[in-house]
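Sharing a structure here in structure tokens format.
A, B, C and D label the chains in the order they appear, each numbered from 1.
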């Protein structure tokens, strides 16, 4: 089958001779991919930021499609069902899964991401077919009145933005700041609006991203030394009630701690990886802050989000800037890496 | 001054010689009324449903205006401040007020409602001036960018609809049914939408009310024996996640218990007064329901609502069907009582 | 095998020739019973209150034991594992189960209770062996340091009392009233204490039950016309913050509405079955009450409760008044029905 | 009057000629002190850790006593009332106070702490008399059946430990680790037990503190490199559900992040003051942690705590190791500073 594989930094290649995956266990399903997407997370191996990433890995953890085949232990799904996969692979049965915390699953994994998350590599969705472990937990049926592209984002970026806003405890009337207006930040913004935020401050250094946020109801703001001051000017001198951080670098998180009001919450969906961010604990204690880290959990939130999308409260497809055939996926990575694309969707 | 007084059932009269109220204690303020409104609650004495209502009572508990004079013990307010009054009068200091439950205040009252609520009658807002007890608790400043008519509804119906939705624990994605699409029901609908309801089912026997709900995003439904069935058909067979009841009669509440899904919540903002509603406890136990009674609490929720209105997330003025000079308030009562008006605003 | 069967009102019989159950499906397990108990719920068919109860039904929904055999689809359990069963049978997979609401499961059942709950009868635990459907959801492993009799109650009465207190939203410092000091009421009392209640008022007409409650930290109170007054005298004039109702008849629930304070919560774990309890909605609205019905959900709460029991925070075995061989189960029913026993445990 | 004043590091002195304070505004009260205490916070100026601390400052923010005189604007208090003061001074009226967040009050202060917190110095409670601003907010009546020494701790350390546990969201059955078993840590432990923790792990390098924790139900643990491993061994391999940090230095907070389980909460009541704690954001993100800073808020929690103490659920006086006349307060500071005293109470 056709699939995109990672070979080395900046070297991803589509080939036609990747073997079609087969069921490996009773809880597996094989899904024929209808749409997949390139995620910011995919850029880490692309840019060579992940040492030891295995050459030949089929990438991609955002995909939607049709069930082709099910193992004997998969309940509730049948060949022909339209489904969207959770980017996070979870068993659905361990203590953590029973709490609804799938990213902490004892058998957690991430499609197309080698063993960076979890111990077992699972080939990804930038392909014509994908093997899905724990299929009845990882896959979710898609109703007829939700399109493939709408469903696609419930498997990752919309779920991540929503999880971020939910863990930020956005309440009606809140002024919410979103740091970083990439796809996840934009979904966090939409989620905050859904939860009743009176205003969302959309902070990003890139004008085109601020513009997109603005079109969708955000108040665009450039980062800068005086950001806290500007935020206070918009919030009766207090600061943002909630900050949703969607960048994942120290500077963004430190800025979040500055602009949030006393007793506020910073919810960080950015994939932080620092070992020693210089944390101002005096500031955080004086303001009695809550700092919460939020990995998107599509399995936990997809039922709600499917209803939200179905009824038109959020249409996440507005972030799509490019649709390319899977055969042109290499170009898709280049576009996304260069910042020229907001979101690239691949069509097998 | 000019004011409307209740004299007998269906006999309310505007006169010009009602004495202008004066400060009676250090926590009082006198407010010059800029807008007031007729509320469904006012119809109870109008229709003669309240035995012993005192003739001569100046009615009206929805009003906004300008502070004319303040007692020495009123902090945070000055003559000239634009303000909206809470319909509920509360001291702000007793155990209940400290919990944020102002309707349970040990000195609770309701403007223009004699001693139906609380032990002390306080003249109402269908007048040019009103004396406001506990002014720093009862009054709230209105920002420049909120109009008088927008603020007006934060003092009662918007706060009531919002409190109803809040106590109904509406969550993003929920399907919410609103029983009764009068002004409070419409505000409950708007509040449920603000909180992320994927869909609001707007139930009312009157076509024009359903139409108004529909224009504002509700799915109109007629009541009827098969209502529960129709609701289940719209909700994957389960029933509404939350029901917001805004009528206040047994039939409406019993219907709510029917159409809510198992483990759902019925939040009743209708002013129930039955001593023996025939409650189906077997049904409620089998479905593990929550039934919650919700009196609107403007003091508790007005900060949030002011932000929501200010940023345009909700504009409550859409319910206004008539604006009349205070001199024509008698006609206003007739219009509202007859069902020809959705909401009547009076201009002194 | 030996088992107790219901034949007619007041006619239950132990016989030795009931067939040992076998696996019927891949998610079944067969459990060898080590301890079972007689529950108040069992008294309904015993007393002939349930029309059409099927003669020959093996009763009993409280039991703990050892896994004898597992179906191929049962994960996480092995023959030899010590387990406690949830009284509620649930599939673990449907929409309701995914929300954690197992009593609403689309395939719900209750051991030994014919088809009173759900559509499929499943033989009960007053027997040497029981077939357990959906075994990996219904059964829970028992740690070595929890005894069989401690575990036994996590499968029903402790879980029910705890669920009742949890849904009552007991908070630290609350004064909690428990209506009915039978086994479930006593477990509700213990749960309220665990959650930090400053005081538990234990209301029961039977002196011996009040005494038992008193020994375990409750303040004993007799019911009566002046109960509300006596409760207010103990609560600064306000009423109980939370009422946990564990009787299941109209009078008990109506009394709960009287004695709870304004803005309080009544959580009813009693198995209500009225079609027309005369509900005072005027009172409930004026006090802005929450009324919540709570069916015990062992599957949802057993992880927490196992830890609580293991660390000695609650030892539920204090309610055991009688231990009898299974062969003497008929006497066990007589003792319990007559009120001479608090809780009867059966040993196969 | 007699009072203790700070003059220089390690130089605090009792003198008899400090002027008795007088009312300065209408919301002031003067309290005759019956008991005060030395708090860990007092050691910062004592040890010279606070630059610019004003010589002559009367110290002490933990005190209970009797109202001597009230300003005209103080409601609800009368001379002769037994009261306990909140250590935090707050106006009770600003936006933050209305949210119940008194430490963020626009006029916040701390008794006897110069202008370290807030902009206005207020003389403290290591004295015979204290002037209390915003008296009706800062003071709370003490019921007859609560002793002076019990009430004393509701004004600071018990409230701080409780706030820490509350913001840690301790739930029934949780395993809670307390880092630092000084007075605040011990109160956090008691609060966690009150909230239903199945076990509290009490971590402290000092054997006598661990012993005291152990006597009161904690599981004593020494800190050390393998602490996380030992905690996991006690928690089914997961880590503590909640960590309550009561030290206030980087190492303690970093250790907390290590020993908390994935999806757990670290609530820090220690007075952190670092500008650059080396925060492992990769660890925190991977575990999806919540980190929350918790300043004690006696005003917010004292109603509950008074009930808890009154009913004997917690008796905070067990931490008292020394009772000294105010005249010997200098010795009290020496004892406490040297670690020979757990808690020193001063009797004027």
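Simple rule for what comes next: contacts are C-beta pairs under 8 Å (C-beta built on N, C-alpha and C of every residue); 3 or more make two chains touch, one makes a residue touch a chain.
Predicted, not measured: the structure shown is a model, and the values here were computed from it.
Using the contact threshold fixed earlier, the set of chains in contact with both chain B and chain C is A, D.
Just to note, of A-B and B-D, the chains joined by more C-beta pairs in contact are A-B.
On residue numbers, the A-C interface is repeated by B-D, which shares over half of its contact pairs, out of the options B-D, A-D or B-C. Distance between chain centres (mean CA atoms), chain A to chain B: 41 Å.
For the pair chain B and chain D, the distance between C-alpha centroids works out to 43 Å. Across the assembly, chain C contributes 95, 303 as residues in contact with two or more other chains. By the touch criterion stated above, chain A contacts chain B in their complex at residues 162, 166, 171-175, 191, 194-196, 198-199, 303-305, 307-308, 310-311, 313.
Per the touch definition, chain C reaches chain B in the complex via residues 95-96, 99, 101, 103-104, 236, 238, 250, 253, 262-263, 268, 270-282, 284-285, 287-295.
On the side of chain B, the complex with chain D involves touching residues 73, 75-76, 93, 95, 98, 136, 303.
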